[in-house]
Amino acid sequence: MNHAILLISCPDRKGITAAITNFIYKNNGNIVHADQHIDDQSNTFFMRIEWSLEAFRLYREKIPEGFQPIARRFAMKWDLCFTDQLPRMAVFVSKHLHCLQDLLYRKRAGHFACEIPLIISNHPCAREIAGEFGIKFFEFPMTGANKKEQEKKQIRILKSEHMDLVVLARYHQILTAGFVKAFPHKIINIHHSFLPAFAGKSPYAQAYQKGVKIIGATSHYVTEKLDEGPIIEQDTVRVTHRDSLDDLVRKGEDLERMVLSRAVRWHLERKILCYGNKTVIFD
Amino acid sequence: MNHAILLISCPDRKGITAAITNFIYKNNGNIVHADQHIDDQSNTFFMRIEWSLEAFRLYREKIPEGFQPIARRFAMKWDLCFTDQLPRMAVFVSKHLHCLQDLLYRKRAGHFACEIPLIISNHPCAREIAGEFGIKFFEFPMTGANKKEQEKKQIRILKSEHMDLVVLARYHQILTAGFVKAFPHKIINIHHSFLPAFAGKSPYAQAYQKGVKIIGATSHYVTEKLDEGPIIEQDTVRVTHRDSLDDLVRKGEDLERMVLSRAVRWHLERKILCYGNKTVIFD
Amino acid sequence: MNHAILLISCPDRKGITAAITNFIYKNNGNIVHADQHIDDQSNTFFMRIEWSLEAFRLYREKIPEGFQPIARRFAMKWDLCFTDQLPRMAVFVSKHLHCLQDLLYRKRAGHFACEIPLIISNHPCAREIAGEFGIKFFEFPMTGANKKEQEKKQIRILKSEHMDLVVLARYHQILTAGFVKAFPHKIINIHHSFLPAFAGKSPYAQAYQKGVKIIGATSHYVTEKLDEGPIIEQDTVRVTHRDSLDDLVRKGEDLERMVLSRAVRWHLERKILCYGNKTVIFD
Amino acid sequence: MNHAILLISCPDRKGITAAITNFIYKNNGNIVHADQHIDDQSNTFFMRIEWSLEAFRLYREKIPEGFQPIARRFAMKWDLCFTDQLPRMAVFVSKHLHCLQDLLYRKRAGHFACEIPLIISNHPCAREIAGEFGIKFFEFPMTGANKKEQEKKQIRILKSEHMDLVVLARYHQILTAGFVKAFPHKIINIHHSFLPAFAGKSPYAQAYQKGVKIIGATSHYVTEKLDEGPIIEQDTVRVTHRDSLDDLVRKGEDLERMVLSRAVRWHLERKILCYGNKTVIFD
């Protein structure tokens, strides 16, 4: 059963919800999920609304035209999509494959409504698992000198394959600003610390040296500033003085898999709205 | 600034949200919070909607009359209240005073929008703290023989004092069916286990004997079946073989305070809807 | 580097630790890990002690003889093993393969010091994954009539393959008392609820009907009483009214994998001592 | 029943545990708790051992003399104390009184084996509650100019009152290096963030601006570097986009109380050993 989903943000004022829900009702749509949020600081209205297209009076391609007057009236930023359009997701990975494996496992188990046609790496390690899952694999070895050139090729492939989402599943290369700009709010990273603590390199070693009693993982959209994009999801796990650095890595990898998979799932289900450097999660 | 809050449930069909939000919009109300949920199993629609009464065109006493046609059209159960009406809450307690103290602390700290005019106990222990906080205290010693008589007196006081909510903050008496019926969905209990595990007496001792690795606390509405009413909130904490029964009690008491205070807060903010034996929490 | 590990329990009295650590010191052993616990209720002493065999004066096969006088003096139950002896683990599974896959993933990632030579199932579903990992697979279809017969064959295989541990990774058959007795404290089960809540069939459906706000998973040793053996590990995750039964299953499966893998790891590292119906976990 | 507790650290080598436990055994002591840890990186041995003095052959004042040869042999740093010696604890506080109230509540409930004879503040707010609990209260208003002078007076009082522990229960003054040096590893602070994230001022506002999905609290020993001393305990709680800054403060205050009380309790029970900038917690 196909659903339409609208993600909306606009300055808050009276009548927004009434206008949106009237539009759906008058066209004979049945709302199956609606959630809204008002950010008091910026006086911004956010909404996610999902309705069944069964018996809806507008053809799907006519919906934007029909909704346009409402959007204009309230100065909305809005995004319309349909649950039968499966997003296409590329996974970038380096040598640590646990997150990649977890994503592929969940895809196969039916937890992700998406296609994964592409795995890209700066190392050959993931070639075998890509093969097992019948996914195209591209290796782009990276040096300081060839980075921009390699990234251009990567972008070309991502564009030609019509990728909707890039997931950095422990991809240990810093993307250039040019790459990030080519996919705004479409790159999700997993960082293996509780950001903003331990940004940058070797977060587990940093955490171990610091003697923290809890470690974390953070999934966020990638922006031009390293490890500073809008946070989607975080989680933490307790550690003790008995845990070696290896134990931190082992416990942390479980966290990374959980946190990244939740972030990816919410993105695929269009449950995330970014504003400023924050996210609204309509879970 | 005064707000109106509607809690609504009805069979799900098209147009409900549009009808409600139109009603608010046409009367010049500004929605500050709206959340809805559809239970697929029973095809039931649930909504909590809160709007500012500043510049609202209907006097507050005229709102029910104005809303009635919509309610009838969709066969709604609905409940209207206003944020300037402070609920009146009575606390029942026996000998363990930690939950009572926590509730009074939070009230004083401004976390609860309510009045607490009454503390009732089957023991004298809480008299002193009631005095410190300037709250009326009634002691009703309980025996097998006098229970019904004492409960009648309690009900009379609760009614004459116009109590909206009764909180059992470790009150170690089982209420009779008659008492429970007099305050439907208006009695909140804290049970010191992760229900449905360890219902009834001495849950910490039961948990200790069982050797569980996690203990819990559960806050729920009281129904005629002991420890089986709709669950509002639960939380858990890790224990180990090193923890004695005393440690379980100590750790558990922290849980009880957190869990009960969240449940009470949600109730006071009208964020809870019961259906069947479950709750929707519009947090 | 090879280590010896002693797991000891006995009535508590003066001098136990001194006797044990003297034995190790006099034979030139270097203690790398020692942890003890005294259960006040039963006045029982428990210890796990691990020392390096580098430069130890006793050959490993002479250690029991050397330790015997101490054991006798304190009426110890004791168990000696060596870290270079990899336990042999069989996995039993039915149709839900997520726990099996997780165990195999962790084995391959180096998290488990064991061998997994055997997968046994009452269904054919796991045959393929067994093949991928090069593990022998035996299918024993079960009916009410053939159960005892089939179990006898399973026991024969487990014995002939010298299995040290049987892990029920969502094996949906109740073992007979005879099977359980053949492997005392050597069968680990994962139950998909927070025991003792929701024992038996369909715990997620039970939890959903009950409207709990937290779900759990429990790993325990199997005894003759269904779902009542000594608990090794438990964990919980928050759910809300928005979560469907499918969501509970999905969230719960993540829990099951984490909880079972921790229990298996502790068992393999000889960190668990059972007493009565409880466990001491020397983590 | 009086117990002796030894906290020991020294370079790791063979025979340490045997020597310590022999010492206790030969003097007829009964060990009630023993835990040890070896830090592989620095090859350091840590131990906490507690034994009953009932029937112990050495008078308590003779124990140091008796233990000295062992300590010298292994180059130990060691600390001996007795459970009947109640530590004396001073609480420093500014305007937020929730942690102070919680500490006093737990003291009264019997969770802390200590005396609290002193509350010191740079504001008058805590005077009343100090009075209620019959505790001496000293107000030292702070300006940039008078800080050193005021601290000198504070130190004088703390020394003359024989304080063993200073707890900064949301004391919003940065202590000078001189003050910190006067009480090495005897000052415990609660910082209202998950350190090292959001050190310094207004951590909740920082967390809110950052859009984190989890907030935390950290209790640590105070050293000369602000918010960088050895971490004793941390905990975290989930927040969402719905949570205002006030909600973060409210949720965070619950965390602060829990985390600080655990840290204080472990310190009072002599369960903490510092090494480098880390802690071993013998829980």
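Each chain gets a letter, A, B, C and D, in the order it is written, and its residues are counted from 1.
The criterion applied here is as follows: a contact is a pair of C-beta atoms (placed from the backbone, for glycine too) under 8 Å apart; a residue touches a chain by one contact, two chains touch by 3 or more.
These numbers come from a predicted model, not from an experiment.
Asker: So which one's got more C-beta contacts, B-D or A-D?
Answerer: Counting C-beta pairs in contact, A-D comes out ahead.
Asker: What is the chain whose Cα centre is as far as it gets from that of chain B?
Answerer: It is C whose centre lies farthest from that of chain B.
Asker: So how far apart, in whole Å, are chain B and chain D when each is placed at the average of its C-alpha atoms?
Answerer: Each chain reduced to its C-alpha mean, chain B and chain D end up 37 Å apart.
Asker: Using mean C-alpha positions as chain centres, tell me how far chain A is from chain D in Å, no decimals.
Answerer: 42
Asker: Counting only residues that touch at least two other chains, what does the list for chain D look like?
Answerer: 242
Asker: Where on chain D does chain C make contact in their complex?
Answerer: Checking each residue of chain D against chain C gives 13-15, 17-18, 21-22, 24-25, 28-36, 38.
Asker: List the residues on chain A that touch chain D in their complex, please.
Answerer: Chain A reaches chain D through residues 37, 39-40, 194-198, 210-214, 216, 230-236, 240-242, 244, 276-281.
Asker: Given the complex with chain D, which residues does chain B contribute to the contact?
Answerer: Interface residues on chain B, with respect to chain D: 98, 101, 105, 109, 111, 242, 250, 254, 258, 283.
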